[in-house]
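Take a look at the structures below.
Each of the two complexes below includes chain A, the first together with chain B, the second together with chain C.
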Partner chain A sequence: MGDDILSYNGGVALAMKGKECIAIACDKRYGVQNRTIATNFTKIFQYSDHCFVSFCGLATDVQTVSERLKFRTNLYELREQRKLKPNVLYNMLTNLLYERRFGPYFVFALVVGLDPKTGETFIYDSDNIGAVSDNVNLATVGTASEYIFGLGELFFKPNMNADELFEATSQALLNGVDRDSASGWGAVVYVIEKDKITVRELKGRQD
Partner chain B sequence: MSGLAFEQPTGGFVFDNCRRNELLLSNGVLPGKIHKTGTTIAAITYKDGVVIAADSRCTSGTIIFDDNVLKIHRLSDNIYALGAGTAADCDFQTRLLESQLELLKLNQDRQVRVATAVRKIQQHLFRYQGHLGAYLIIVGVDVTGSHIATVHPHGSIAFLPFVASGSGGYTSLSVIEDRFKENMTEEEAKQLARDALYASTTTDLYSGSRINMYVLTKEKLDKFLPYEVVGVRSDKQNDYTLAKGTTQVLSTNVKKIEFDIVNEKVKTTTGTHEAMELA
Partner chain C sequence: MSERYGFSLTTFSPSGKLVQIEYALNAVNAGSPAVGIKASNGVVLATEKKSKSLLHDDRTIHKVESVCKNMGLVYSGMGPDYRLLVQKARKLAQEYMLVYEENVPPTQLVKRIADVMQEYTQSGGVRPFGVSLLICGYDYDEDRPFLYQCDPSGSYFPWKATAIGRNFVNGKTFLEKRYSDQLALEDAVHTAILTLKESFEGQMTEDNIEIGICDKEGFRRLTPAEVKDYLAQIG
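Here is the complex of A and B:
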């Protein structure tokens, strides 16, 4: 990876769809090139009851963009007097990133959401200047994303229930980060269903 | 840093990160890979209108980020744009143009013309001196007939009877050059577009998966999403379902989401049904 700005701090996130449920997972490493500084830096942020975003890339931009986005979503909720939908959140995020097209933030983003009434699931991903994607089954961002894409494609099957989805997501993430030195040190998985969110900390290699 | 706690989005680009990014780049740091759409896009005029076709692959370096992207963007009911080059630029510039055209249509109370759309985007892209990497094909049918225009990032345009663009553009263009004739029928035009896209999805590594096609005439818009799946995925050889409990968990935290019950309806059904009386 060398001097690539997106691998300066390391980190990875993955999202996968199931039947009326979504899983989003990330590792917990925060490092500066080859030194690991902290092992509790989760990269998943909640913006609404069923909407989550994960940012991977330069850590300072992860924090800045997540907070700037929170600012905009707070204003939205105050003005509109209703909670955010996943596609609205995604549009806000891509707008925020594209505003800085010529001086971009160095984060790649994953937006996931669930519509509690219909059970419809959403996963969108974005590059660091806000390229729009369609609603996909599986998405991953971060330094180990190339490894996790392969594993995710293997373990993913359509219409998984919450338990199967959790296992598939966890195994794809854990095995992917084991091959990447810039991510790891534990993982967190959020499984989002219509009526509850289950947050699990995974046991992984601590290196 | 201006230390703004309250940022008022005024629209347009914001350049506050530029100084920091310049510093990073001068220290030898490489910028990250942004999504390009690689791509093949093609448009052909025929007797009644235009046929437009695009592949569906989005790449970041050589990794396929998305296998099913729609590269055909609506600008108005009668005008569509195909985008190649930097994905974000294609998406946002066509969206911006779409809203401007909608306002123009409302203001002038007429259907928007292709030439207007092309002129607007051309002038906009020229202002940015090619830094917005949007290679667009604008197609549409208006009162003056059916038109295809190709727009380059620096602002040059060309109105042509057929055009293909993107990394697989040359391959497609050679197929179209071979068989194009004026006033083709719809079937001939669709077949030609399909063959042109097939050639580039199979040869160009940045194009692939599916061929999406729209047929646009004065009367109708037919959407074929997809027209053909070129990269058919084979079935998995094995079932990789993982048993519950495979992953070791350190802790679990379940957060219930509170729902407010807005209204409740109770429906009773009678146990037995009366038999129908036939007079």
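Here is the complex of A and C:
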């Protein structure tokens, strides 16, 4: 039904913290209610060397908000001649979303980042009108967010290294989306460390 | 209510000059002297604040003003124009904070203030500001102090040390001799006072000069008692 705008297209994302590393993962389904149209619709966008945002919700808004945020971050980098920090990025996003407080975008966001000098990790979770959480260990957004949250809590351990973090994130995402008809059809996982970023594509149940 | 003019009052002369801006600079050069010096660990701003009458309550009005936690201003030229710019600068700094949740870096605020000043040279029915500003700030990302001058035209210049207002040429010559990259903030304050003294008529006291300093902790105006101590050290 076109009743629930946030589940019209489906999709899910998850972010988890490790020791001086962060993982962010999303599914690849693009659907219109119960029809799957494409299986290459990733929902994670990069805004700086170590800052990523994932948007889940109405697909048109996923595209528009990610592009409009890119507009603002590009100008920031040109004007200030420096790269974005995670807390500045989430604040810009909050601003962007709240500007449409009474006619909002239908996307929920995850902002993740790493400070390459100190190794400090950031995960922020935002609703569609810019209410941001504190810096958390685990966050999920999307139609299967509750299922993935449960699995995420199960697999999460503090201070995981990059490989353990990848395993925990992947398992939580892949198994969580199996319970949701509107998410799945493959996944992408980014593991962000101080000196490198590893992107892996996962093949899960193709249904 | 008269309607705004649609055309700018600042127009080119045949020789390619914007005469209104030249005149604005004349207003600046007739104003009381102000000095700015960038030390290795901070910036000092100093200005003459002479009252025209003994009846003036000196301590109520200030020339050296803070814009936000890490930035301050001083001027030469027309006081009322300065007041407006201070208000605009403060608002711009807060707008930045609202969007980015970070203290505005000095370079960014200077650009925005200079843009305001430039606007008034190209908008309908307004005149340029009759002030030059000295803007000091501490950049937490780059971990260093900054000193900028902003002119009525909207041009801005980064300085290691500079003087504006009356006798600024002598002031700058004096600073060229005295300035060194290794200057610490304490020495910079002394040098600033000595520079002001070059063009000062009469006795310098803690009530007829104003000093502001900006370091890693932020910007603050020195109290008259602190100024008195510095003056005593100079003798």
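In this text, the second predicted complex is superposed on the first by the 205 of 207 C-alpha atoms of A that agree within 3 Å, B and C clash if a C-alpha of one lies under 4 Å from a C-alpha of the other, contacts with A are read in each partner's own complex, and residues count from 1 in each chain.
Here, a residue touches a chain if its C-beta (ideal position, glycine included) is under 8 Å from a C-beta of that chain, and two chains touch if they have at least 3 such contacts.
In this text the structure is predicted, and so the values were computed from the model without any measurement.
Novice: With the two complexes overlaid on their shared chain, look at chain A and say whether chain B and chain C clash or fit.
Specialist: Partners fit side by side after overlay.
Novice: Please determine whether it is chain B or chain C that touches the greater number of chain A residues.
Specialist: Comparing touch counts on chain A for chain B and chain C gives B.
Novice: Could you tell me if A:Asp134 is touching chain B, chain C, both of them or neither one (first, second, both, neither)?
Specialist: After superposing on A, A:Asp134 lies in contact with chain B but is clear of chain C.
Novice: Going by the contact rule set out at the top, does A:Val199 touch chain B (first), chain C (second), both, or neither?
Specialist: A:Val199 sits against chain B, while chain C stays out of touch.
Novice: Per the contact definition in the header, classify A:Phe41: touching chain B only (first), chain C only (second), both, or neither.
Specialist: Neither partner.
Novice: One more residue to check, A:Tyr8. First (chain B), second (chain C), both or neither?
Specialist: The answer is first: A:Tyr8 touches chain B but not chain C.
Novice: Touching A:Asn87, do we find chain B (first), chain C (second), both, or neither?
Specialist: second
Novice: Please indicate which partner A:Phe52 is in contact with in the superposed arrangement: first for chain B, second for chain C, both, or neither.
Specialist: In the superposition, A:Phe52 touches no partner, neither chain B nor chain C.
Novice: By how many Å are the closest C-alpha atoms of chain B and chain C apart after the superposition?
Specialist: So the smallest C-alpha gap separating chain B from chain C comes to 6 Å.
Novice: In the complex formed with chain C, which residues of chain A make contact?
Specialist: Checking each residue of chain A against chain C gives 76, 79-80, 82, 85, 87-88, 91-92, 95.
Novice: Given the complex with chain A, which residues does chain B contribute to the contact?
Specialist: Going through chain B, the ones touching chain A are 7, 9, 12-21, 24, 28-35, 58, 60, 63, 65-66, 68-70, 86-89, 91-92, 131-132, 236, 240-244, 246-257, 259.
Novice: Please output the residues of chain A touching chain B within their complex, sorted ascending.
Specialist: Against chain B, chain A makes touches at 2-6, 8, 49-50, 57, 68, 71-72, 94, 97-106, 108, 116, 125, 127-134, 136, 145-146, 149, 154-155, 157, 163-164, 166-168, 170-171, 174, 186, 194-203.
Novice: Per the contact definition, I'd like the list of chain C residues that touch chain A in the complex.
Specialist: Against chain A, the touching part of chain C is residues 98-102, 105, 107-108, 111, 141.
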